[in-house]
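Chain lettering (A, B, C and D) follows the sequence in which the chains are written, and residue indices restart at 1 in each chain.
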Amino acid sequence: MLMDAAGYRESLRAYQPRVFVGGQRVESVADEKLLLPGINGIGVTYDLAHDEAYQPIMTAVQGSSGKTVNRMLHIDASSSDLLGKLEAVRLVCKISGCAQRYLTHDAFNGILQATIRADANHGTDYTQRFLAYMHRIQDEDLTCGVAMTDAKGDRSLRPGMQANRDSYVHIKERRPDGIVIRGTKAIVTGAPYVHEFLVMPCRTHAKGDEDFALCCGVPCDAEGITIVARPAGRPGDPAAKFSAKYGQSTGAVMFDDVFVPWDRVFMAGETEEAGYLTTSYATHHRHSCIAARAGFGDLLIGAGALIVEANGLDADRHSHVREQLVELITITESFFACGVAASVYCSKDASGVAMPDAVFANIGKLLLATKIYDMHRIAHYVSGGLIVALPGPDEDHNPETAASLAAVLTGRPDIPYEQRAEVARFIEDLTVSKEAGWYSVISLHGGGSPEAMKREIWRNYPVMEKVALVESLLDRGVLADGSRVSKQPGRCCVTGCEVPERVTTQEAAE
Amino acid sequence: MLMDAAGYRESLRAYQPRVFVGGQRVESVADEKLLLPGINGIGVTYDLAHDEAYQPIMTAVQGSSGKTVNRMLHIDASSSDLLGKLEAVRLVCKISGCAQRYLTHDAFNGILQATIRADANHGTDYTQRFLAYMHRIQDEDLTCGVAMTDAKGDRSLRPGMQANRDSYVHIKERRPDGIVIRGTKAIVTGAPYVHEFLVMPCRTHAKGDEDFALCCGVPCDAEGITIVARPAGRPGDPAAKFSAKYGQSTGAVMFDDVFVPWDRVFMAGETEEAGYLTTSYATHHRHSCIAARAGFGDLLIGAGALIVEANGLDADRHSHVREQLVELITITESFFACGVAASVYCSKDASGVAMPDAVFANIGKLLLATKIYDMHRIAHYVSGGLIVALPGPDEDHNPETAASLAAVLTGRPDIPYEQRAEVARFIEDLTVSKEAGWYSVISLHGGGSPEAMKREIWRNYPVMEKVALVESLLDRGVLADGSRVSKQPGRCCVTGCEVPERVTTQEAAE
Amino acid sequence: MLMDAAGYRESLRAYQPRVFVGGQRVESVADEKLLLPGINGIGVTYDLAHDEAYQPIMTAVQGSSGKTVNRMLHIDASSSDLLGKLEAVRLVCKISGCAQRYLTHDAFNGILQATIRADANHGTDYTQRFLAYMHRIQDEDLTCGVAMTDAKGDRSLRPGMQANRDSYVHIKERRPDGIVIRGTKAIVTGAPYVHEFLVMPCRTHAKGDEDFALCCGVPCDAEGITIVARPAGRPGDPAAKFSAKYGQSTGAVMFDDVFVPWDRVFMAGETEEAGYLTTSYATHHRHSCIAARAGFGDLLIGAGALIVEANGLDADRHSHVREQLVELITITESFFACGVAASVYCSKDASGVAMPDAVFANIGKLLLATKIYDMHRIAHYVSGGLIVALPGPDEDHNPETAASLAAVLTGRPDIPYEQRAEVARFIEDLTVSKEAGWYSVISLHGGGSPEAMKREIWRNYPVMEKVALVESLLDRGVLADGSRVSKQPGRCCVTGCEVPERVTTQEAAE
Amino acid sequence: MLMDAAGYRESLRAYQPRVFVGGQRVESVADEKLLLPGINGIGVTYDLAHDEAYQPIMTAVQGSSGKTVNRMLHIDASSSDLLGKLEAVRLVCKISGCAQRYLTHDAFNGILQATIRADANHGTDYTQRFLAYMHRIQDEDLTCGVAMTDAKGDRSLRPGMQANRDSYVHIKERRPDGIVIRGTKAIVTGAPYVHEFLVMPCRTHAKGDEDFALCCGVPCDAEGITIVARPAGRPGDPAAKFSAKYGQSTGAVMFDDVFVPWDRVFMAGETEEAGYLTTSYATHHRHSCIAARAGFGDLLIGAGALIVEANGLDADRHSHVREQLVELITITESFFACGVAASVYCSKDASGVAMPDAVFANIGKLLLATKIYDMHRIAHYVSGGLIVALPGPDEDHNPETAASLAAVLTGRPDIPYEQRAEVARFIEDLTVSKEAGWYSVISLHGGGSPEAMKREIWRNYPVMEKVALVESLLDRGVLADGSRVSKQPGRCCVTGCEVPERVTTQEAAE
């Protein structure tokens, strides 16, 4: 039974999480004005699934259950699924700025890959626990927050060596009926208005850190959980037509001896598979981020074209403006293309989950992370200084000045001042406001820092294939000793593609 | 008599400007909390001039009067003066973010160049009027706002063709004792807390637009003036330690039939010289902007080094962090270097004013305008996600959460959480807040758009010298007809340098 | 019957083209040393089609004939075909540098789209003529040169207005049995060693230029054709192990009253459809160029990794080297990703030809065109100065110096000097030599200049969709008048995708 | 007595160096065609010193002798001297591509700084030896090659640990009358046609590597020296009007037990001061490189403007072409500006030598090193494909094709084909040829790799000043413990400037 946005908001009343926003305790999340834009953002993912035109994108059939679920909760089984997810995320984010809920998807896919691997290696039954859990979430159409980024404390020390063990969420106690966990997750997207938290490890662990190799599902109002959140968007701000409606909250989530029964525990000490979970989640998530920021690009492109028009310019004739818009398009679509390529060249492990190609997914994320600043620059370039020089909304109603200002600030006779101001404020909202700055940082660091992307690109790229290619062109007998090829697994960039490139193998065989 | 910051603030009480901020009338500018950060910013230029250590930078001897004046009011007569101005502006801006008052300097230098030219061409006596005015401002140590950017209306039409003539400030009436002006200036830096406005043209004018070729000085509280301003900085915001103290207001200034006596009129109809005024002011101003944003670079570099340390990293050992800081330094110092070169290769016209080289000044401004976005990117890169994930100051005093959060968010044991949070919020203030976004746009468009810089670079660059060089290397008889060299004035890039490069002339003579 | 490389070379003996290289008449193309590297390059496309491992990539079934053909001659009918072509081109180019023959493919697909459109509009029978011609080329497994870029003459004048009409190839005479054409094509890839030329228009034409709206197939040795070509690669150069073997010749082709019978004429005066041919060919070709330069990227990545090793460095440990290699990978794979996305989001017109998405194809080509310079920079960065400081091959055999130099220029004990020198010279060959410079320029301008890409991106991008999105978020009643949406056809970026994004339509309907 | 170019060439006959070019022994350097372009390049520095118009730039008065010397041999004593050197180098390089001789200057200044420091620390008399040597070189107006970059061998080992000690030039034996040196220097600019070699260390040395801390002057034909060189430019190549005339050779120089008397030895075991020599030479040299590549920029700007014209375009009207030329100007002048700033903010140590500011000098070098690739890109962009599509010079005289090709390849009626072709080939010579590629690599790695620049920028930048600034703005009591300021010497970026910025000290005192 798929909920709609109103139903989702109502469903939050069934939970009593302990939430602070701006230092104040929130009585009712569903009614808290400071959180409403965030709830609206997630709401978009619910409403569109009911719209006939969007259903092919917004819903999908879950293979393990045969049921139709919201795509934000779906396990991908093919390139088409990955393309579908990519387009669905772009869709909901171009309407809402950031619809947040795709993180549930990313976690579900990553966890399933990891539990199947853990069960195979350790004879555990995590997969069946997780599938039961996931099917329930899908059936009830809930939203899970991803509680992954730990507070970290002293970064030069492993989790187990921290003076304050609470810097990382960990298993404090193992009991017959479940585990007791404690510690703080520092950045949880949508924390105050999700139904459940998926607790996940944010790094690889070594021997001795078993208590930190932890994955489980916890209701948002489980005893011992405290959520310290920032407001979502710019609720109530008259200058912010867009982000007064849609926004995103993040919160720190403190687990103070929270009990989790075993049927909600999906990893508890398997350090290697927990590391794999971190990586596979990251790959799914970076792939989703690409689509999310492409949606942001859509907003900027549209707004850019509108402000150019309102300023009385014409991109067809004024080449320096067109040049900028083309650069904005080029940035947006070139990182989106990496998401498409990651879908096409996906791979599958024993879990049957279609995993986006890590090289393309990380490149796309790296590009968006660093180029969002260029996107801001271009938006400002085409907007002119007006977006910050414009008097604020308060002045719109000042009887002593409003009319005179409106008269001289009209850019062209057929577009009223109000319309020009509205677009200018929309761009300010997207690129100048604190929320805009915040999105930049989240684009840069969310899902891992640029440095992390670069490491993943390097780790996954078939460099030795290219080395073998050059050596064969130099007539070197690489295959005689064979050591070269084995240095790095000769993984093909195009695994899973319908038109596999079998070059490497061939070169090896020649 | 040089005022100090307290004296400057007190001096504002002598004026009664009609100011609106956020739609509300301001009773007393000197007491208005929403404007105080802006007043503090300008105050830095006053206080430092009293500090013995800074006096060589912050004061200078005015050639036409022999008096020691604040460098923000000084007429430059040499490369050293230009370097002195450059360093003074960097100094006051690295303390205040933007000390605003250098605009008075830029206008003074531009106006003097233009009045001398106008007097020579038209037999007017603008120079003597202007010098008398300027000497009084210098003696009283006042601050002038530059009222230049008109509201512009329909950009496809000349000022004289506008449906609403008030889109540009213009002479409505010429009377025996003075002129009556009206119209709106859209973006005036520091508008609510300057002593006087220097009204200046923002574009070149053609025949028929004589009424718009206007320059004059008007007290801020002259009858008929209304100022609609935005708050300066983030007054009262606990998250903004820096911009709660220092900020910048800009305002729209409406002139509703304001009378200006002749001795305050410095241009009134001389379209060609008014165009020259626009350009020469722009060159001085872009040169100053370079120093101002280098000061911003200083703040970011220092803050970047501090946050890296507080996060427990070490730029000497972690090369990816060092790489970023070096890029930040490279950006900052390479555009500053253009300011230095513009000073060294300055030129002088008949006015005796040392004019920064237009090519270097425009290149420096173009670089800072487009690269401030990269500066933000780098600051975010080295900061990590903490700068936006950190709970706000409200949480610092929440007894139910503050202690736990502080415990896990401490990065290294010897740096308390409060100190880490303080630096993180400082960087947020500089690069994430609305004020940060606002500075980006002002950096991009203030003093003219990137497109305007590019046109000036092209217009002023000695391209034909380079063409002649290549032709001589190709053994072409360029000098036979001589037409090449005359296509564009053979202006040397290094005029005024103590070691003049006389290559071009030479090549011509060969 | 698919030829192999030896068969292809032999087949050239059946033709007697009039070819000049370096000012000298070539007696036998198949035996001309200066052309051999070019013949070898094309030969790769023949040989790989016989290799079982590569056959799925290198061959395809032609829909209109049911026969298996070389993929370089195939008409694409699906996304899979386009992906197949993309991978095939990358494959042959990473072995040969540039295998040239994909231009035949690009022309075939573009021509078929245009003839079907022309026949529909004008009742002509071009399609049947062209299919007959194409099937023969496929059956005989020939290679066609694309004679497209005219000499152009005075660029400010239309073809028909040129003082010298021969600046563009045109129909001089229409006869009952065929046409007589004349004029010069300035840059024809592989000109001296192709079997036939496909003459195509290089620009759109207006009324009055019907004689220039010309497409036909001509044997390379038709009476009246003269080919003035540059050598292919660096034949015989001991420093150039790679480009002594593989290279590319281009030539100017002069048509001096060449007769073409009607059954080889595929367009003769239909200006609109000829313009469409230019554009559709360009889109296919830019898509192919992406793959070709990705193959060049493969070579650089492999060579970069080898030289780093030979210099005694380790990319895993030396982060500044790894950083560069990751950037090289990022550049290569991000433009390749645009090719993948163009394949996925292809469209089909009435011809049934699968057309790569123009936005993605042009973005990919634009990126490779401008970033090949960065690729050179990175290759040089990781190589160190050695690649140019190394003594040349002549010194290798100088008994008085060779041994001493080899002794001190060995980078690490387990890699002999010869091996280090060989890799260094390979990189020099790819990035320093004249051929390397030549590839840069061809990458920038081949298939159209960057300006042309930008125009195509702008022309094809669904900007109005994004405008409609923003307007709907601003609650504007766009649909009331409907004019907005019709300003530009609401073409969806994802047409043809299995998961169509129907957002725009929907937004319009709301 | 200053020589002219002819005199310099003649003077080479007095030496009998053992030179190999292309594996062949050179009989007479002065008559060797393969070296002539290099000799011509250096010749420019001689000839211009005799030209009255250039004498203020090309000559200077040596402080220690009172004599007028060529500026390429001068010790700088002021900012003006550094600006003079900068302009002189730009001048000679914009005529010759690279005049090479400024390396003598760079070495002289670096050595003098180091000998004075060594004498002060160790009581040696190197300075007096060096001054005597330098005065002689100045008086005889000779040119010295800088033999600095060692062959290096295994880069992971210190010089003293190399299996083959000859990988670094070192002192093999210390005798009463002098030292015996041996080993190989791998890249020596101008090696075959300089009068003397200045042997210098290329890295810092630790205890135990005293034999490698070596600086001395050796005649080019000293017993035991062998030079293995590459040809200079493209001698005799008809396509290369420019680099057939001017070019640059580099060579490996092998020292096979070469005896050097003590009066020519300027450092022999002082590891610390030898390290200082390496650094101070590098700073002078990087400063010179800035000017050299600005001269290259001049050539490209001029050639770019000419080819645009010959193609029938107009940069004033075609904005996409102007945009590119403005970018080329911006690149060139912004790195040149760093050279100017390094001159203005120079420093002096006890030697009295004016040392360019290391931060600005390294930033300028870093920018030119990485942006020369963009310069090539822009040159290609504005040239169009013609520069590589044009038939070669051989075709110009082919009676069967030349006239027809010339007719259709004329771009605009008033510029003959020959003139268009000539400019196109000039740009090919500068940016496409092997020499062009070679200049790229040398720009990137000459004077140290980009990584070396970045380390120097970081090492020299007053980061702690910026930290102190931010801490004072955060009201932190930095001075209480004082440790911060002392972490890194509070060296001011503007030392030596006439308008010193004393901010840091002040802030510390507040």
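Side notes on the structure shown:
One rule holds in what follows: a residue touches a chain if its C-beta (ideal position, glycine included) is under 8 Å from a C-beta of that chain, and two chains touch if they have at least 3 such contacts.
According to UniProt, the chain labels map to these proteins: A, B, C, D = 4-hydroxybutyryl-CoA dehydratase / vinylacetyl-CoA-Delta-isomerase.
Since the model is a prediction, treat every value here as computed from it, not as a measurement.
When the C-beta contacts at B-C and at A-B are tallied, the pair with the greater total is A-B. Of all the chains, the one whose CA centre sits at the greatest distance from that of chain A is D. Averaging Cα coordinates per chain places chain B and chain D 37 Å apart. Inter-chain centre distance (chain B to chain C, centres taken as mean C-alpha positions): 50 Å. Note: centroid distance chain A to chain B, computed from Cα atoms, is 40 Å. Counting only residues that touch two or more partner chains, chain A has 320, 323.
Chain D contributes residues 319-320, 323 to its touches with chain A in the complex. Contacts from chain C toward chain D in the complex involve residues 20, 22-24, 149, 151-156, 163-164, 166-167, 183-184, 186-187, 226, 228, 230, 250, 252, 254, 256, 311-313, 320, 370, 373-374, 376-377, 380-381, 383-385, 387-389, 391-392, 394-395, 397-398, 400-401, 404-405, 407-413, 428, 431-434, 436-438, 440-442, 444-446, 449-451.
Taken in their complex, chain B has these residues touching chain D: 51, 53-54, 56-57, 80, 83-84, 87, 90-91, 94-95, 241-242, 298-299, 301-303, 305-306, 315, 322-323, 325-326, 329-330, 333-338, 340-342, 344-345, 359-360, 363-364, 366-367, 419, 422-423, 426, 454, 457-458, 461, 463-471, 473-474, 476, 493-494, 497-503, 505-506, 509.
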